[in-house]
Amino acid sequence: MTEVKPPPLLSVRELCVDYATPKGLKRAVDRASFTLDANEVLGLAGESGSGKSTVAFAIARLHRPPAFITGGSILLDGTDVLALEGEALRQWRWRDVSVVLQSAMNALNPLLTVEAQFADLFRAHGIRDKAEIRERSAELMRLVGIAPDRLRDYPHRFSGGMRQRLVIAMALALSPKLIIMDEPTTALDVVVQRELLQEVSALRRQLGFSVLFITHDLALMSQFCDRIGIMLNGALVEQGEPEQMIDAPQHPYTRKLWQAIPPLHPPRMPPRRVLEKMP
Amino acid sequence: MVFLLRRLGFYVAAFLFAATFNFLIPRLMPGNPIDTMFAQAGTALPPESLDALKATFGFLDAPLPVQYLHYLGSVFTWDLGLSVKFYPLTVNQVLLRALPWTLLLVMTSSLTAFAIGSLAGARAAWRRGGTFDSVGAPGALMLQAVPPLVTSLLALSLFSISLKWLPTGFAWDPMLDLTWSWASVSSVLIHAVLPVATMALAQIGGYLVTMRNSMINLLGEDYITLGQAKGLSDRRLRLVYAAYNALLPALTSFAMSLGAVFGGSLVTEVVFNYPGLGYTLYEGITSRDYPLIQGQLLIMTLAMLSANFVADTLYILVDPRLRRA
Amino acid sequence: MSAPILETRKLGMIYRGHREVAALSDVSFTLERGRALALVGESGSGKSTCAKLLTRMVAATDGQILFDGRDVTRPGDRREVLAYRCQVQMVFQDPFAALNPAHDVRHHLTRPLALHKPELGRAEREDRADELALAVGLDPVETLGKYPHELSGGQRQRVNLARAMAVEPAVLIADEPTSMLDVSIRLNVLDMLKPLKRERGVAMLYITHDIATARYVAEDTAVLFGGRIVEMGPTDAIIDAPHHPYTRLLLAAVPEVGRSFAAEDASLVRHADRIREISREPGPLNEVAPGHFVRDCADLPF
Amino acid sequence: MVGLVVVGFFILVALFAPFVAPAGPNQRVARPHEPPSAEHVLGSTRMGRDVLSQTIHGTRTSLMVGFVAGLVVTVVGVAVGVTSGYFGGRVDEALNLLTNVVLVIPNLPLMLVLAAFVGEAGPLTIATIIGLTAWGWGARVTRAQTLSLRQRDYILASELLGEPAWRIILVELLPNLTSIIGFNFIGSVLYALITEATLEFLGLGDPLALSWGTNLYHAQETSALRVGAWWEIAAPSLALVLFGSGLSLINFAVDEIANPRLRTLRVPKRILAALRPVGPAE
Amino acid sequence: ESNLTIVASLSTGWVRNFNPFNETTRLHSVRDFVYEPLIIFNSMHDGTPSYRLATDYNYSGNLLKLSFHLREGVEWSDGQPFSAKDVVFTFEMLKRQKALDTQNIWDRISAVDAPDANTVVFTLKRVNTNIAFEIVRVPIVPEHIWSKVADPVSFTNDTPVGSGPMTEVRRFTSQIYQQCRNPHYWDAQDLKVDCLSFPQVGTNEQLLTAAAAGAIDWFGAFLPDIERTYIAADPAHFRYWFPPGGTVALNINFDSPDPGNRAAFRNLNFRRAVSMAIDRRAIVDIAGYGYPTVNEYASGIGRTYQNWVDQEAEKEFGQYARFDKDAARALLAESGFRDKDGRGFVSNPDGTPISFTILAPNGWTDWVNTTELVAESLNQIGINARVSTPEPAAWAQKLISGSYDTAINGYLTGETPYRSFDMGFHSRFSGKTRFAATRFVDPELDQALDAFISTIDPAAQRQAMNKVQMILAANMPYVPLYSNPIWYEYDTKRFKGWFNSDNPVARPDVFDGTPERLLHLLALEPVKP
């Protein structure tokens, strides 16, 4: 890519992450490099265990031992993410990068009201005025289409889709530059998934944040993302625009992934059986 | 509420069960309990004296079912009759005299142990594999393996007999009349120090490990990760997000362990000559005071049930998921 | 079409807990030899309940189940149930949870034989187990001695399938057999189902929330919503000419390559709540085309 | 595996007590209350018996009580828990009620009462009493685990295949309960050990039996601590604490094996030094 | 004001019960201290009387009447006069309420009369010169109070009105109570102590703790290694004196349920061998910490009654009560007790096996240790004996019912040896009390015992007692081991005048049942600071 462009919002260079296991180090992310522009949606696909979540966690600086970043750099809007420490790191979190995790069931503290969890978040970032907190929480609730009067409810009172929306509302609270979504819809059924993503899509247009979207549903990704990266065994084997990836997949693994999706409507390409035995 | 009602049913059933059990124990044992009881009294009593005594204590010579009904009646009116050992006190009076002391021991020691153990457990789990964890967790386990018997004996001989820092027995200075004066209160406190400390020591380990394990399980939960991603302070994350949630399993074990603590207080009370339920029970056992033993077991069961009830209620208060209308 | 091997008539199921849940009501369909019926619907629509009723793990609270013309709705004695289960087998959703981690593959394949084919000797059982493994594309020598955790997801699901096939059932119920598998091996497992249907004449109930795979596996499809069938018919007809608004919503929501989020059917999704509300109403099933039934419902306001 | 070594050591000592002990447990071989010396490594009791020999022989009884009681607790607990969890319904309700009642009736007092009424309760009697009163916790845990296992598809699958219930319980369920059962067993052994010592100490057991508990009882009866014969109290106490700790450590390990999340990873320092760990802890 | 701190009984909490007739739960400071006896017979000095409420007593010529002359001017603690009517009332009450008559006095008397205000006459059913000792054990209560008590059996007498020195309950809590000076005490000039305090102490161990801290003036307890545990804590003030008391013996059940054992037990030589096998000295030193006094009298009479010992009997049979293991073995062998099956234990001459347990009450450590040593000794001469430790209650019951082989047992003391021999061996008690547990019955022995109480002639009494001893020594129905110590420890810091070996006035212990404790109390006076 030789075009002259503004510098990317996020640039990940040669990122390596290892897990310390009883048998020694296990490399989960292997020299992954990619960039993400402002107001762009980058999809990461790949099968289970290919290192997608690990990448996401590394970018959000959510690692705990036994995960260790063993190489590479992460730059977000000019900040060296890996160099952040202590209070600076705490402040940076959520203000610059927020995350939406896979499990809608477990992403909210079951013992606190939604309001308290919003308040927590604002207070952690220096907004202490009660009225302001209430005002902004209500605003965010409206944004994701949930009546603000339900702020007083506990998480278990919400359906899975609503909980996921609550998390998205929280993710938007501080207008971060980047939202990382790690399989935000796998626990939901297709209709709800569709509703949710349409909403995110609209919000993004409205608010202009970037999204790192992780899933293993390629079809979904092709609908939702501006660019797609395919991960295999910790490495990023291919990236590009959806059309290009669909029409001319370069890497054999990408091709295999496509072939494994039975099309709903009459096939554009005849599905070829994948006959080789899987590991 | 539904939950509580269901529990209430259970409490009644459990209590009935315990009461019946209570009734059966002395009757299933070999030998005639009443004769054994008075044989204990020492010198040979002429049969007339014996019969007169039996009548005084209200021992029925009736078929079992009749005795049982009579007994159930007395249980539900909580009229447990006269204590043999502490005659002329009624069983109620004996129990009432001892209950506050045991409650004092059990409650303070349990709460102390629970607070310390849980906080330490939370800390150990938070700094997984850190120094505190690697020393604290196995250390707590070792502590659990030390019989309260051994600790109380050691504490007594060290602090009371050798160093003479603390009293060797009684719940308060016997020469004081108990009032709400500072002298009385401080006397009670000083006399409670060793019993409470040894009882607490026996429990800390359990709470520490429970808390640590449930906390570790929780730390993998998404909402903890999310809380962290939200940039919450460590303290808030640890206490409100992790420890608070981990408290639920700890709470159950707290209620369950109260039974053991009640039992454990027996040893402590005997060693420290502390006038609580445990000691009274011991006394009742050695002198075969059946009415008293029955009353003891009943009241301990009741105490256990109340502890469970409190735990259930707390559980509901803490966990909104159970707070259905 | 041959006579149905398994038929449900106005099947209904109410779970009685401290709150009653009507999980299934008025569900009628037939399963035929050599054909597959796909049961599609959102989470909680009653698909698994349906499977449970058919395996007779729980008894229906309403309606009838006919097996080979015999009424088997009520729980029978042990022998009768055993005989039935020899005919109706199931493949579970989670390939890991369906295999006992304490036992090796051989155990999983020989136990059904020992139970249902007591006439077989030990050696014969072993031979059959080898055959079964081969039939699902597993190397008997290599895999029979392994424990579940030593197998990949796809392999585990094959073992599950082989176990169900061991007793040579007439009906196979597959409850979301691939939803827990990686995309790349899903088709692989689905491919194992087809020959069973075709070559062994097994009747199949294929349960899924992914309507796209329904087309891949099943000739017929029933769309379930709120415990009721809202539309039922040949799979092609359902997908290409859906009638019921819920079916249309479902189809609109399926992610499909090359369809943007802003497409016209996105409006359907925007009104999902309203559609759900409409679809919950009971109503009679109408035949709109040969074999294609649609439940009556209010018209969409948009 | 420190725990295993310690526990193994005690088991060996118990097995070979007569060969290891320098003297018979009840032989008078020394003057009363001799302090530890080369001849009597742990000193002597008031009755002039060798404390080391008494402790070694006491190991036998104490371990026996521990293991027998542990076994009873485990067997009853597992039987009740599994039955209750597996069959559900009425059976479950009845058994669960029973379990809760057993949990709610305070254990130790009950045991004291039983032991006193049985009279002259020998170690085996005590073991049985402990076993029969202490199974509640095990049953509850086993039931909870069974309930969750029961929902596993492989149990459903076995049922679908028409496996008889007993076979499902024995062959399909039990192997997956081993860690819970082990946990329960070890915990019960520890509990029984401490409880036995307590009962004996309170004088409700058979003072002629030779166990750590009776050793403590005798030491207390002869005011060992007051006359400065600390060794007589220390030996059985230490044995109790050591063996108990061994058991606890094993349990800790069992817990870690059963629950991978609890496993602490010990990453070699060398590797850690080279890495840049990032996380909340640091 | 001087305050004497006493532990007269162990308790986990005091309960207010000053009814002196209550056998199970009365406070152990009621008798003697609240209700003064008529006479205290000094059992350490052959029953010499100390006259208290009575000034004299005598038997009528035919020995069928016993009269007491009462002291004049005695008042109850409420100021009412004490008179013969109170004595008569008390005994009439016992007659009405059998439950109160724990000594069965009315079995032996037929009437109580008060011919005048200061004389009480008891009419006996049979001649019984021991009855005076028993009568004075009945506490005398004031008629003007007790006649209003509806049920004297369950009456708890919260504020007692008595004739003794310490009648005023000053303070009563479950942890401590105090009894103070009777304002109307007749012997006030001898009473130098103002109050008695009774702290609650639950176990020996706790008693030791309190005593070693100097908190107890007068108590009695078995303290292991007393020199190190107690005396060493304050060698200048702490003292103890353990004079010999009742006999402790190994009881051998003549009616043992096991035929083999029974045969052996009824064999005199077997019993003698058992006796000779036992090293009493070692038992006293090891099990008894040296406190008891060895009892090597074949009759078992013990040092307690030194003046009564029949030297003839001891000369003839004393050897059988002394340790001689070889003689024991030889006696067994020559009587046909041999090890027939090579298991190391002898069986009866007819081949039936001998194997028995020795019962000792659980928790009575010195006795348990004693039996262990006895068993050890018996094993050494080839007798198969084991120790078993039932609960004290069960032990007592088995002794009473006779369902045992052998057991350790202790005998009561009295003013003369009569009480302990009578309760132990008179056939009328057989199977009724735990003391008569051997079930040895001998009409001659009964006669000798009855003869003892049929006379007041000292020579005749001595002759009867010699006969008793001769029979016992010759038959050895039990194996005496030692005289149990009388437990008595005291602190000289606050009081002086204590009884001890240099001042052996009377039995020194403070327990209920030792009326001499009243004399002891009167002998004490505060140490001037």
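Letters are used for the chains, namely A, B, C, D and E, taken in the order the chains are written, and counting of residues starts over at 1 for each.
Note that a residue touches a chain if its C-beta (ideal position, glycine included) is under 8 Å from a C-beta of that chain, and two chains touch if they have at least 3 such contacts.
Here the structure is a predicted model, which is why all the values come from computation and not from measurement.
**Student:** Among all the other chains, which ones are in touch with both subunit C and subunit E?
**Tutor:** Chains that touch both subunit C and subunit E, as defined above, are D.
**Student:** If you average the CA coordinates per chain, which chain's centre is most distant from that of subunit A?
**Tutor:** E
**Student:** Take the average of all CA coordinates in subunit A, do the same for subunit E, and state the distance between these two points in whole angstrom.
**Tutor:** 91
**Student:** Please compute the C-alpha centroid of subunit D, do the same for subunit E, then give the distance between them in whole Å.
**Tutor:** 46
**Student:** Return the distance between the CA-based centres of subunit A and subunit D, expressed in whole Å.
**Tutor:** So the centre of subunit A lies 50 Å away from the centre of subunit D.
**Student:** Averaging over Cα atoms per chain, report the distance between subunit A and subunit C in Å.
**Tutor:** From the centre of subunit A to the centre of subunit C is 32 Å.
**Student:** Mind pulling the residue numbers of subunit A that touch at least two other chains?
**Tutor:** If we look for residues of subunit A contacting two or more partner chains, we find 65.
**Student:** Any chance you could list the residues of subunit E touching two or more other chains?
**Tutor:** Expected reply: 212, 363, 394.
**Student:** Would you mind listing the residues of subunit B that make contact with two or more other chains?
**Tutor:** Expected reply: 128-129, 161, 228, 270, 282, 286, 288.
**Student:** Give the list of subunit B residues in touch with subunit A in this complex.
**Tutor:** It is residues 128-129, 221-223, 225-233, 236, 240-241, 244-245, 318-321 of subunit B that touch subunit A.
**Student:** Going by the contact rule at the top, pick out the subunit B residues touching subunit D in the complex.
**Tutor:** Subunit B reaches subunit D through residues 10, 13-14, 17-18, 21, 25-26, 29-30, 126-130, 133-134, 137-138, 141-142, 144-150, 153-154, 157, 161, 209, 213, 216-217, 220, 228, 234, 237, 256, 259-260, 262-264, 266-267, 270, 278, 281-282, 285-286, 288, 293, 296-297, 300-301, 304-305, 308.
**Student:** In their shared complex, at which residues does subunit D touch subunit C?
**Tutor:** So the residues of subunit D in touch with subunit C come to 152-154, 156-163, 171-172, 175-176.
**Student:** For subunit A, which residues count as touching subunit C in their complex?
**Tutor:** Per the touch definition, subunit A meets subunit C at residues 47-48, 188-195, 197-198, 201, 216-220, 222-224, 246, 256-257, 259-265, 268, 271, 273-274, 277-279.
**Student:** For subunit D, which residues count as touching subunit B in their complex?
**Tutor:** 97-98, 100-101, 103-114, 116-119, 137, 190, 194, 197-198, 201-204, 216, 220, 225-226, 233, 237, 240-241, 243-245, 247-249, 251-252, 255, 259, 261-262, 264-266, 280-281
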